[in-house]
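Chain lettering (A, B, C, D, E, F, G and H) follows the sequence in which the chains are written, and residue indices restart at 1 in each chain.
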């Protein structure tokens, strides 16, 4: 019931003022224009509600995930979930776990809702866990994903030989540690949005991802934006939002 | 002429091997799969080729812009162009200049090529130059733009009263100095991509935009990515790319 | 005996100069105006003398706490006390321990000495240990405390639905990691002092609380001040001082 | 009219649903508990609305200040106002300017609304501009202020000889550059809230106030909190809030 | 005369012990094995003795350069020499000045002493001053130099179209600001030493060359080493040393 | 077959256009001048292909190394290889391991291909692991190596007594933690390239190698360049490249 | 009069209690053991009271210096005094000014009160202003000073040829910018205290003296301590204190 | 034999030139004035040769210490020696170990060679290990040491009540973590050299000692210099050097 309908019901005597006030309390944001927000929350619950696993006990995660599953939620993502903790979960619904990405999914469905492709690319094998967190998040949110994991800029021919795949993507997630040059090189080759993810891979003056982060922020290529260090989930989530833009119209 | 056509011409005796090799040199990237890149460059030239004005003399800018105009380019953006330098340009084509954004445009057209709206929002008046660089870039690239410049989080009611405008945007550019909290608050309210632009506004522990930058990167809201400090152009350019996603399909 | 009384006693022959000098040694600060300081120390001992538990052995803590208890001290706070160490204490007085806040209290009393309320608010579950250190410190010092632990700015409706509680507080302690935006948003809503506590929660560019710290220092909201990263005790202690201001007059 | 009254008016036929909806739009925050906020804004307008002068032209400041004066506002503070700009203002109301603090006040009244005293203390003459910004802000907001500007910790006797004044204050603002030790020393002597303001005074490893800032945040004294570097206004504003706590009850 | 010859002269009665001791004083380092050092100094004086112009007055530079010229020195480099200061020099020998590189040369000769080529490459026009300092230094020291100034990684085709020139160099100096990715990309393409020079070009998170510096140090390409920010002279000097290695054997 | 030969074959009817296009695809870089790159790769495979051991499992390393050995590769370097992991390798070819340098070599040969000497010098015993990584890398790549491990600048006589060895080297690798002064002192004594390697040795204000890194970058000695903190492999690899310069001509 | 004498005077009726209390106020620190402090202040006033010139106007400096001169003070140091400001002083006593050190001295005497020598050494000409501030401060405080300004570690022979002078000093002040290696090298050669002064000389990764500062703090040589960047006065003052140690006994 | 004597011996035919050259090699530094250095080394060996225990195995330490003991060395200091490692040493000479300071001494003597006193002061119990390293080092080097471990600036009365002890010291070592204010306060009270030692004690914005380090470097008190974080040994060693100054004359 919208605020207008509610007010009409009061006017018609169908609701007492006190009943109406209670209603306004229960849907408190609607008359501020929050209807869209509600709608959006509903949408998100259909897709996936995310549980950050690192700061919670197995018991807490179990409780939250089971409550969500009881509401019929699907594709409930649990990020940063250590394998030991994953084993301790006592879930009432089907559970899928990927050890590389340290990502768990409750009530996983595998429906594609977007037409375009998201390419997840990185240079070295050490970046793969962050890549997989991004790729699996994007897939869970309904996107076709292409993975290119052997394309560091220090061996440019590897990157160039995959240009077709890179250039046909709708959104690109460029994951890199060390000096983070991949984002700039890719950003200069393509005409789609590039989401750069610095990783904490590297040693010495890599400073746990800071060098890659600064490098990506300073990129001379246009069309590149950056998320937090190692934030594969954030990149996958944002890439999915962008990739569903075409579906909106 | 594609590589295949060229090879067929050699096969047919219409071209000698030497002539064919010359052709390959002149179109050097095509047989590496760079056709798309060329296509892309053509596309970009239709839209706008960007001249970074800060590191160039008026004479250099004049030369580049006139050469581009002679090729028929439209909407040639000149960023970070100081008013004094703008006055010294001797351009052969119509020139438009905005002093707030320090942005010049040669052969400006005002065609909209995207249906969705880009919202550019900021808290304080000191952020407006960066906002305008973003907004004018996005408009020049064919996007409808809504500006909301009075919505800092320290007076939340101002932001909330504009929720309708914010929520109906296709892409949001959130510009903020100081503590950069605007990006997180907006990121939590909407379901479209948010591009955060830290500005160098503020003093003391703002450290020329670093506080806002770190704050935005650490945002607890999903769907937010970040560009370089004061990089209004980059935000506008990326927002336009995302906003044209729907047009691709 | 004040210095004046002492000098009068010497003048009256009731004290020899040597006796008077000894007295001055035993109360060495009084003639510099330190009487108030002594008074203050007495006051503090009535309330609580704080033991920083992290840098001391169980034996050292036991010795200090028992000595204080022998003097009749109440509400002796032991902060940063690990559970293992807490178990090794051999205390002569009643001991209360909170594992979340890692806070121990010897001779705990639960008397309220202030009328106003202190609100302790945070966004995420990982900030709760710091919140509890602040809240329990404030309660031990005699303040009514309200806890609001589900009010992160990325879900603004949660914060707004608790506005009544927030706005009726006398002092607010805003605890946040990540980007620390909560302090700015709350600071803009209320008209009471806000003590911001950055936490080391977060990853990547959160840099162990530095992002939140800088963000809070740069807050565009007036009436906000900041304590050290994770310093829940300091926030609770200061909030109590402020909350007892009304009692002074 | 409250939401309840409005709903009752609809129920009684005194308002149509459409009229009621319009009312809800025009007073959009009331039913969310924003009444207090409004009240608070009114309160603030009585005291002073602050204009940050550094980022605005003389014309902009003139326009804002005159508009506020036309609404009858008093004690309109203009901070960070350079003398040259101050001279260019064309104000319709009486204007008072302090060159040391670079602070202007329109429609200045000098009413004291708080009983307790705020002490503003610093060590060296270079900190005085920040001190004066704090002191004048606090005085404008109705507080009695005591200034102690000769009490650096490198000459401890100077500080100790003023202990009476320091200890009888209700709130202390400790301003210091260099190593910022003043805040710790004072914080250990008093039992009232201490607001520490690091200043950008110093050279070499002072790093524009960062050393003092870190020093103050790490203070081993309880009851100390910190505001941004050189933020005299913020300290004065917060001190006033705290100093008016006693008036609330 | 070597130490051995000197000792033999003493033994032969050709020198008294006192005369020998004087000799040892005048050539004080020789018996420590410093002969090579002397030899080296002589070598350097033939090539060029470098005067750092930034920290000296025109009078000081004039004095030093004239003294050196009086000793017959050639190719006396004066680095970081502002045009105004260059005009104030009153030199007794021929003087050559390059305004872009801010480099002066007294008694310039243009002899090539190395066979291999040094390639100096950069991405943008703003890096050219540093490039020219490197290139002119290397040329002055006798090296053939190739300049490639249009090869930023954001337009990879420009770099690739010059691969022949890059790959036939003996040493490469890669100059880049912003994110410094050029060093990594070039380092991955060639098999000769690459000297990376970060420049202070860029804005925001470029932090005056720090981003490029960290990026270059963290490069995933082998064979890359780094000199100080904007240190074109150092890069040219080192490149020359390496390029003359082949001449040694 | 070169592009010219291929085109001539098409012209001669020996190849159909389609066959030629396929060939161009299979050797995609050749007509862009990539032949040299191929040649270079072949060269590198003869010398050594490097496996970064830190980020890989024993199984992964085993697989890669065995595949390389099956191709006849020699001197396959495995860097940052922990002793425990080294023991788990199941290699099909002879394996050599150095625990100090944490370096493994498969199919080790000990052929010298360069005439000049590389000197690896450091001050303290804690720098030796990084030194050995550098020295063994250089030896594996065919260079004679001299080790000088007792020559810290705080005991200058130790360094000076080895001047002969230092001065007769072709390339010097100067390894130092703490304040990194060794690079400057050595750089001032010699006339060959000096590669400085900061190490993470030290405590307090050494900041894990940052002090040594900054010190080396700021060196007032010419001819010094720097690699990443603890990057012994990179230094050895680059030194070998430089040391083989003479062999090229 | 000591406290004991004062108390005896009260006891003897020579002073009333009120008169005694006044006396205690006028000599407020004496009974706390501050007598020595007074003594010390007297001592310092004989030598020199220091005025930090940078943060004061010519009028303020004039007033303070004239007041001190009126009390008969000699050798009144005014540090960081710009030449323009020096010319505006209107002093009642003889004034001496050194433009290099930017140091003024009122009522300068040139008496030596210490027997040992202080050596002030630096590498480059740009460090000389800081050196002179140190040297003149030390001379003014009564110390013989030896200056060695041509002894950078990149030309070690220059330093070694002055070993006699260096080794016969009682205290050494080592001033260096860039990488600050001088402090370590000198610290390893001598057996007297070495005071290291980092200077802001240098560019790029020198970061305004931070590299030299960190380098000096991390020095592997014992007997070295550090003062603030560019703090020549502090070094000269401390060196004088140490150099007068022998005079105490 | 001096160089002169040696030359005379050659002249007299007592030595052949070859024998003389060998002699020069064996005493290579003497004619450069290194005699004093040798002398100095001898001196140091009488006092103590220091072994940095953290980076060495028990076997290495055993070997070095036994070799030194075999040469008759006394008071051989082994710093940063973990208790477990201390137990594994197999020493041929008497061994003394202090677990708090983690300091071992072989052939410990307890002779005082200096008359003046060194005061080691700190605020909190967590700083005591660093204090003890400083105090024991100073005692081992022959200095009387006074310890004051209860004198933090947050309880100023504790410091003031010990003024006599502090003021009668010849050298003061001020050890402090957190905000490091102790050094400034003490530096302002005394007229002897103060060596400040920042410790890594503290949390949050203490940043492992950086806050205390910066604070101490920026101290507004003259006569204070700083050593590295936690460097108790360095402070004790330097204090001893200074304290022996009086013995020299």
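Here are a few things to note about the model shown:
Here is the rule we use: contacts are C-beta pairs under 8 Å (C-beta built on N, C-alpha and C of every residue); 3 or more make two chains touch, one makes a residue touch a chain.
Everything numeric here is computed off the predicted structure, so don't read it as measured data.
Comparing mean CA positions across the assembly, the chain most remote from chain G is A. Annotation: 60 Å between the Cα-based centres of chain D and chain F. Put simply, the C-alpha centre of chain B and that of chain G have 56 angstrom between them. The mean-CA centres of chain F and chain H are about 40 angstrom from one another, to the nearest whole unit. Contact with two or more other chains is made by residues 28, 32, 34, 37, 124, 160, 189, 204-206, 210, 213, 217-218, 222, 228-229 of chain B. Of all possible chain pairings, those that touch are A-B, A-C, A-D, A-E, A-F, B-C, B-D, B-E, B-F, C-D, C-G, C-H, D-G, D-H, E-F, E-G, E-H, F-G, F-H, G-H.
Interface residues of chain H facing chain F in the complex, by the touch rule stated above, are 28-29, 34, 37, 52, 54-56, 60, 198, 200, 209, 213, 228-231. Interface of chain C with chain D (complex): residues 32-34, 36-37, 40, 43-44, 50, 115-116, 160, 163-164, 167, 170, 189-193, 195, 213, 217-218, 222-229, 233-235, 237-238, 241-243, 245-246, 248-249. Note for the complex: chain D touches chain G at residues 124-126, 157, 160-161, 201, 203-206. Contact residues on chain C toward chain G in their complex (touch as defined above): 3-4, 7-8, 10-11, 13, 16-17, 20-21, 24, 28, 31-32. Chain E meets chain A in the complex at residues 123-124, 152-156, 178-181, 184-185, 187-189, 202, 204-207, 210-212, 214-222.
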